[in-house]
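Note that chain A is present in both complexes that follow, paired respectively with chain B and with chain C.
So, the complex of A and B:
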């Protein structure tokens, strides 16, 4: 018995494995559970419910959600507006990723050596990034205005009045006009991240390349860019993910018009879901956006892993 | 600052720096400034245009967009504030922001701490579940979210933006705070534990005070998001009395399209709070963006 008393704490009923793990984990559970409950209810549950909705023909009103299998997806394949939105979205993703990176990179390189006025330039290059899309949309709506917009006034002033037009009302250019506004607002973000990335680029290597007679372009392409590869991957991935689900700026500036000329997947989904009440069909569209975005982000994670390896 | 002074001149003092080379560099510097100033104009001009228009009449705006207002007319701003409902929109945004920032920061801080410093069964899976939220677009959840809010009977109330707003910002918050807590030495907690503190005490008295820089960045970011968020209130809160500034500005734009001075005033009012916050806390914004994107 003396031995068992010594072992007492270990065989006492309160120290059953369950009680022991409860005591070990209760603090962690207490810290994580509130966030987890809210997240499960408002994010995880709706996520899976989207998939379920997409397999029904629900209109948002009836009590019964009629199961239709993959019918919504089959309908998507024959839907001209879906392909048009997808096409616009892809243009959006390509132009909206490349342009901010090229311009943001140029600005970051120019400010790399922190010339006089560095803080001033950085402050204002980044400023559009803190504004709401509504503000950006309205400001650019004004810039493009056919009657009093400054873009047409500027074109008139330099003798290019032939190309001035109602930029957002012309189906041929509306998508690009909205894109320019979005690019204007995104440059600051890309610029700031690339500027931070440049701080880790080896100056010794650049100096060595200069001595070896490399010109500016060679130094940039062969010395700077490879060292920025990791940062560039992140920026590209973030722009891709944002691009596939772009909604706000298009919705505010054109609402998808004129004549669907700026319709993207997200604005189309919104209309189907909340103005047409085709909940099932809209959910199928939402699932498509999700899948495309996930593919983009998986690619992103792969790239990051490769970079870390 | 010693580091940056070295960073200033990466090409300096190379043997190749002859006199002719210096001349080229001078020209290069000229080109640099031309480009930088051109972009400064591109980024600033729209703001200057809108801000100065806020003080003009519609006729004045039509005459010369870049002329400074002949006199400071406050009528547009006053009218936007009262007739344009901006006083209500501002109050609503303040309510939404306070609730979403408080809720998302508190929950993300707790969970970020739990997921980095405390033992938990399935900790990695929970973490991955949260981080997947960073890659999921709003469209993946918005439709069922709408019907969930309807079934909970909180559609068209403040909660319809607050609760999902907190939830959708948890992944970013947890990601940021977990990264921050992992940078703190865990031995600090061990010292307090041997002194008899429980886990809550360790968190509250040792770790939380040290996490202030991370928290401040998170607060700034969640505020900026909540102030600017558009899609969620658009879908979940359609009554004008409940609209935040972002959404209110859009409907205001539709209502007063013809009155340009008024529109400019409304847009100016709606950007004032974030612009002021940004100019005051610029470094936090920029550090936060960089940390959010680069550390993981």
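So, the complex of A and C:
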């Protein structure tokens, strides 16, 4: 037993349990310590600091941070832009989670049997994932541009000029136009994870299901998906969390406009903190984003766990 | 009684004289100690950046003990980091930052910027720099910044194409509406207005609001006197955002087009007019060598005070109150406004420095000369100068201008609603932003 510890053979029989534990785990503690310090410094401390700021009316500059209690949270309840941003964020989370999973799954299944050109297609589908979000935003801005954008040109070329529009300037479609760019960028990640997950799906079970007369859909839904449950859980949880905190692609493509039509919680928070100098209020928004994101993710994971049980 | 000692008295006099001379000698010695000045600016355009480097280098050459450590930020980056950096004491000594209550005003309010009154009288800055520009960086009666850029906002027209098509430069709003119809018939986009970024609408509003309320009226509004929710402001909003939109004066979907792409429409001759600021002149001269371009104030709106040039201070030089080297920082700013540097700012960066300057020795194009000469007519009878509202308004008001005017352009809001919302946004922003223009 002593041989399993790092310095077991040298433990004096008379040592106290605390001292023994310390000697047993100290190497591990030293290995974890740098990461722990970083985590405490850049995650835990700012998180609690944000909670404190959210209870003040601080503008981000003054030395004095006036305590206002829950006033910022009360203000949120009556803030039209907050509810609008929340509504857009929820649309983003739903569409931005379902669409990449459906498309990513489809692509992964198409390449599951390693058809000809497998490596080429895998690289091609994964490509958007290696691009920075800023680059993706700029490129899609060009695609949507009403003056020289390729999308309107293509629609005009096939006689669909009635659909042509200023995609990012039309409040009715702008959010979905940005979502398309984000979904395109996310598919690669989902595809690769699901493709890796599919490698562990038992082909024997699928063959057995086929022999039992299950059709394609039944085989997929009742045999493949349950075996991908673990992978899907991770992907969905990551997409949910990413969806609630989405910022970069919206900021680059529309900045939340036109007329707040693409404003999401994170862009609204940014504007309040850095444009309007309302750091206290923005901190309240940030806390709310965290809480909503946590509730959604934990609820989802619990539901999945219950289903699996 | 002790005996008098004349040699002791003489020694005392000599010691006193030495002490008088030793002070300056000592401070000279201190002044020669190496000093590092951290300077943050917004000159990210390669030409402007190179020119700024050259001007800084010339200062360093004249002040060998001073080393400039320069960091350059885009306007948005600067706004993101400056508050935190300066309030934490890790920011620059000298900063080139946006004037106005939402930007430098917030820092001044928190005592993070150094009042420049003493340095201004020491170096004669207020005599050198035009008064309206000085007013824009004066907060609650105290001078905090030295304004480097003054801009004019008006309407560019492509004279070459207008002549070719037999069109006249519109002088009134009605003429502009007619012009738009004719231009569209001839296959042109009448004006290159593009508002995807939100802020180009600020300038259109400044042009029409100054006409409808008058520069004095706008000044009163900026000083928290009166209301933005008035029939005159509604007319000002309607004049540009409704009347011109309905007359087909803009490119299709202006809210979907970024400002830069709107500029390109004007550069390549697809659009005949462009209502924007004099900061575009360098680009126009470079991009439109085959076109003759003119620049006039926005056409006259009926019921207003007549045509008004909009002028405003973009950014200014400030000194952080935490600096360890305020004298060197002030000397640096003083150099930036020297005749030598001003000529270089104008020639190399195409800035309109609010300092009286003889353009005869400076190599600039006709549009540049026109703007400089126009700016120097400030105060002359018959030439009206109005206020660029956004640089003097609180952030809440600017945000409402940005989203509200976009909403009008896409048909989701009326001018009346926008006027009411602007008033509400002003009232929300002003108590927090006490730093109003001093004028």
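Rule of thumb we're sticking to: the second predicted complex is superposed on the first by the 258 of 309 C-alpha atoms of A that agree within 3 Å, B and C clash if a C-alpha of one lies under 4 Å from a C-alpha of the other, contacts with A are read in each partner's own complex, and residues count from 1 in each chain.
The rule is simple: contacts are C-beta pairs under 8 Å (C-beta built on N, C-alpha and C of every residue); 3 or more make two chains touch, one makes a residue touch a chain.
Remember, it's a predicted structure, so these values are computed and weren't measured experimentally.
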> Touch check for A:255: first (chain B), second (chain C), both, or neither?
Replying inline: second
> Once the shared chain is lined up, is A:43 touching chain B (first), chain C (second), both, or neither of them?
Replying inline: first
>> Tell me which touches more residues of chain A here: chain C or chain B.
In response: B
>> Contact-wise, after the overlay, does A:274 reach chain B, chain C, both or neither (first, second, both, neither)?
In response: both
> Counting only touches as set out at the top, which of chain B and chain C does A:144 meet: first, second, both, neither?
Replying inline: second
> Thinking of the overlay built on chain A, is A:169 touched by chain B (first), by chain C (second), by both, or by neither?
Replying inline: second
>> Output check: A:59 vs chain B and chain C. Expected answer is one of first, second, both, neither. What do you get?
In response: second
> Between chain B (first) and chain C (second), which, if any, makes contact with A:197: first, second, both or neither?
Replying inline: first
> Who does A:77 touch here: chain B (first), chain C (second), both, or neither?
Replying inline: neither
> Regarding the shared-chain residue A:158, is it in contact with chain B (first), chain C (second), both, or neither?
Replying inline: neither
> Is there a shared patch on chain A that both chain B and chain C touch, and which residues make it up?
Replying inline: 60, 141, 147-148, 274
> Any idea which chain A residues touch chain B in the complex?
Replying inline: 21, 24-25, 27-32, 34-36, 38-39, 41-47, 49-50, 53, 60, 103, 106-107, 110-115, 117, 120-135, 137-143, 147-148, 150, 153, 184, 188-189, 192-193, 196-197, 199, 203, 206-207, 210-211, 231, 234-235, 238, 241, 244-245, 247-248, 251-252, 265-266, 269-270, 273-274, 279, 282-283, 285-287, 289-290, 293-294, 297, 304
> In their shared complex, at which residues does chain A touch chain C?
Replying inline: 59-63, 141, 144-148, 165-171, 254-255, 257-260, 271, 274-277
>> List the residues on chain B that touch chain A in their complex, please.
In response: 4, 7-11, 14-16, 29, 32-33, 35-36, 39-40, 42-47, 49-50, 61-62, 65-66, 107-108, 110-111, 113-115, 118-121, 123, 126, 129-130, 133, 135-148, 163-164, 166-168, 170-171, 174, 198-200, 203, 224, 227-231, 234-235, 245-247, 249-250, 253, 260, 263, 267, 270-271, 274-275, 277-279, 282, 285-286, 289-290, 293-294, 296
> If you look only at chain C, which of its residues touch chain A in the complex?
Replying inline: 79-80, 83-84, 86-87, 102, 106-107, 109-110, 112, 196-198, 251-258, 261, 264-265, 395-396, 398-399, 402-404, 406-407, 409-410, 412-413, 432
